[in-house]
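Alright, structures below, take your time with them.
Next come two complexes built around subunit A: one with subunit B, the other with subunit C.
And now, the complex of A and B:
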């Protein structure tokens, strides 16, 4: 269901990643901030061009991993010392070297799950509906062989006619208006 | 190898580097997409697929019969008894999990080392990992005798207040293997999300669009998403690398922590990990060679891949050879009567034939021939080698489990081991299950990661700014 009415943005289509990167860099230099590129494979240069340098996935992963390791180690200690102490020939119940192995596995487990689901959450996925899917040429190209630059209507510089002309100056294959 | 020895006219060789090409030069973004999505999105299932699926399904049915009978009668239907209390179940468990390791090596370790040739084979190597872990994970579960109590392995709060023993390598195994299975599935699935997006956009049927659309989580290829995705992939690779090394290490602890001659050695962890990768690469070849032929994927799974996998097998094969040598050396150097007898008996005892099968299959045949580039790029020969190494690695586990156990410390406790038909049915059944799952994967999921192959194409190169400006 559309969230809003009106125009989401203008979508310019390019044939090569170089054209896209050049256009995106220029748009970012000209002060555009509500913009995004859409590519069929990761194009690092395009992300750099629109000023997206860092992300929070490593932080989420680190926190997840530390929590996993701590949780398992604490559980092992509690089980072996408090809940179910086993006296095996008088050996210490807090035998921490043996606890390292499962704690290590859980560090990896939680870190991995945090990396994967953290990435999806930071990407605001799942998002089965998105206005861009309304563009006639988007679904045929964005996941196959075309490169798109979208200047969004939320940007204060946005003006339907002027922005259209501005995008035309990059010599794209086409510029289409995307509706919500 | 010097470039002059290679026929430069060979279309598979890149004249700039003298190496085999990773992908054929004529591929474009669209042709890669068309080729891979056509395999899945076509409504026509190839007859050959149906035929092999029928055979594999027959194998999986055998497994169902064998396991049903096992649940009705108990583990007494297997050949395990005293002194050989660990038989086929553990052999198969270690063999399958070892096979899985090459998938993670290709998808994670080679990603960290920026070996971009791995891109086109990484997806089905990961799928192989997951299905191998499925087959492997089943064995300890059905071996415990009362599989319906399998959940006792996990630290769950029961009313009777019994908790697991965290000092046992067998419990470490539970966490190592379950983590390995989970992370492998997550890594595999995350890798497929962009390709599901491609399938959603290219599917002609409503059903296909709906299912692949759901599976893709609405992926739309925003570069911000891509950058987080790339970070997450790298992190997952970085996490899977120590994980894969730890899994077979922990499995080797199951043996090495026991005070049994033939098991109680410190060489086991590295030797198990190298053996795992050795057998896993053999299995990747066993799967890749028929696949590329059947689906005409020679442009993406090239001679470069076959050649490189041969090299990895050569290297890991030598680590395995070192492990065998060190076992023999320690049997002599430890001056332990029991070690020496065990080793002599392993080579020349009543089950000595299995040791020589292992030496022939793992060392004699592959490690003498894989040196030759000509043989490494000879596809039928590599297929043959892959089967030989898989057999050899299975016998390695057979030798470790059976020949260490069947001659106990006291001659009065000596026994022997002869697998029953139920043992064989269970083993053959897992081969069927593995093949059936793999065929379903090939039919319904993207077996070559399209987004990663696109990155290898010449069209993906960003021209430097000056060149772009001049070109305008």
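And now, the complex of A and C:
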């Protein structure tokens, strides 16, 4: 991607999640699509307000879990039946009850790893740079006690002056312009 | 300030009338009707079968199911006092109502105690000479005779009655204590709330331990001792987890059904519904974990005094029942509750919870019926076996009717609780 220049977007700061959700909902209703919310903890209503209803993490987790369970069960079967069959207390070599526990553990392990790494990959993390960190109030507040709405310049509705006024109508603490 | 007024428009107000909505009465009427119809069916089946053996076995199933709701409800009431949480406030009054159904469960138990000779071998042969005579007549085998004699200090009618009465007395004490304090707390000033929270915590904490012990005694005497030869140290815990499973399912059905009208319409947020769904999911998992753990340990040990209990429940077509049990009890609720959408959808979550209660009853059928000589390793049709549908449905229906009357006696939410303000806040205020 070529280096971008100019304005990334306008960042409005709010003190409460209610104000953020209200503003985000209105902006989405008014046709804004290149916008995002930033909160110190997960605020599900904010995600829903900007039309972000689903993500693929559950699917990735399910597939990972099923793969883990199947892989371990297949491995145990192969070891016990084909590769190194042992007579254990006269039981059949294919003794499925004994295979269940490790297969279960691998299901959990793989589901957990898939959830964690799938989430990071779908979030395009780790990212070395994000323009929003140019805004001092974002650096200080986004991970502690502030709630942000960013309307991005890529949206066709974006106009530096009009959008600034539009954001002011939500009575935010501040509206700042963010550079790339 | 502008922000405060915006936040205020989001917060909801508590409705003036906190009583149970009037449709609870129609639930009661419907439950009584179902109870009567299935009582008639149960009586007809007993005539068709020509004996009350299966009627009584099915009665124990109904007893364990309603006992699970009543005493399991008491246990979850204590758990929520100890753990805190907004879901606890939401379920507190329904759980209190469940715990106050104990008298009906006691009546159910009395019936099973009266007919104990038909249910338990140790009641039929209460002395050493009885077992010797029965062994000579070929009515019991050597292992049974040995176990009956060896376990007699514990498994005899007198101890059975006294232990059961003691357990009921203890449960009645906790039910009375928690219910009366729960109502006193509401009339006290909010300044004393921290004292009340501590007080109820201090009763509930030890109460959970006492419940675990007494409930284990109940499970051992009422169900496990149907087969005097077998024992499992995880048996009580299996019933404990099973009670969590069925109580959560029932509580969710009650809370979501109540939300059609005030006050639960205002009180029930999707956040708490989702939390309860996740909590239930955990119990579905724990339940199969314990059940499979018990099987795996006995399978690994492969000892002649332990495995017959499983063989009785696998061979002779019982394999079909245990496979279905696994699917009904775990695969279906587990797969459905994985979905976030189902947990957040009232109608679908209610369906899953109804299914779970059916699955619990199905599991109890698999636990109870193969204890008897005519059914062990021999699943076969008789008119009597249909009692397992009629009797528990009738008993549970009457229990539900009684529960509805209990639910009507109190406001549906405790007002003197700091969680109340939180539960009235909009969903996005807290993560």
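Definition applied: the second predicted complex is superposed on the first by the 172 of 180 C-alpha atoms of A that agree within 3 Å, B and C clash if a C-alpha of one lies under 4 Å from a C-alpha of the other, contacts with A are read in each partner's own complex, and residues count from 1 in each chain.
Please note the rule applied: contacts are C-beta pairs under 8 Å (C-beta built on N, C-alpha and C of every residue); 3 or more make two chains touch, one makes a residue touch a chain.
Keep in mind that this is a model prediction, so the values were computed, not measured.
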Touched partner set for A:58, first subunit B, second subunit C, both or neither: both
Subunit A residues touched - subunit C or subunit B, whichever exceeds: B
Partner chain in contact with A:17 - subunit B first, subunit C second, else both or neither: both
Partner chain(s) touched by A:50 [first = subunit B, second = subunit C, both, neither]: first
Which superposed partner A:89 touches (first subunit B, second subunit C, both, neither): second
Contacts of A:33 with subunit B and subunit C, given as first, second, both or neither: neither
Which superposed partner A:41 touches (first subunit B, second subunit C, both, neither): both
Partner chain(s) touched by A:108 [first = subunit B, second = subunit C, both, neither]: first
Doubly contacted residues of subunit A, that is, touched by subunit B and again by subunit C: 16-19, 21-22, 41-46, 58, 98, 101
Residue numbers on subunit A that touch subunit B, as the complex places them: 16-19, 21-22, 36-47, 50, 52, 55, 57-58, 61, 65, 72, 75-76, 79-80, 83-84, 86, 95, 98-99, 101-102, 104-106, 108-109, 111-113, 115-116, 118-120, 122-123, 125-130, 132-133, 138-140, 142-145
Touch list for subunit A against partner subunit C, complex: 14-19, 21-22, 41-46, 58, 62, 89, 97-98, 100-101, 171
Subunit C residues within the subunit A interface of the complex: 2-3, 6-7, 10, 292, 295-296, 299-300, 302, 338, 340, 426-429, 431
Sites on subunit B touched by subunit A in the complex: 28-30, 33, 155, 161-167, 169, 171-172, 175-176, 179, 182-183, 186-187, 189-190, 194, 197-198, 200-202, 213-214, 217-232, 235-236, 239-240, 242-243, 246, 250, 450-452, 454-455, 459-460, 462-463, 465, 468
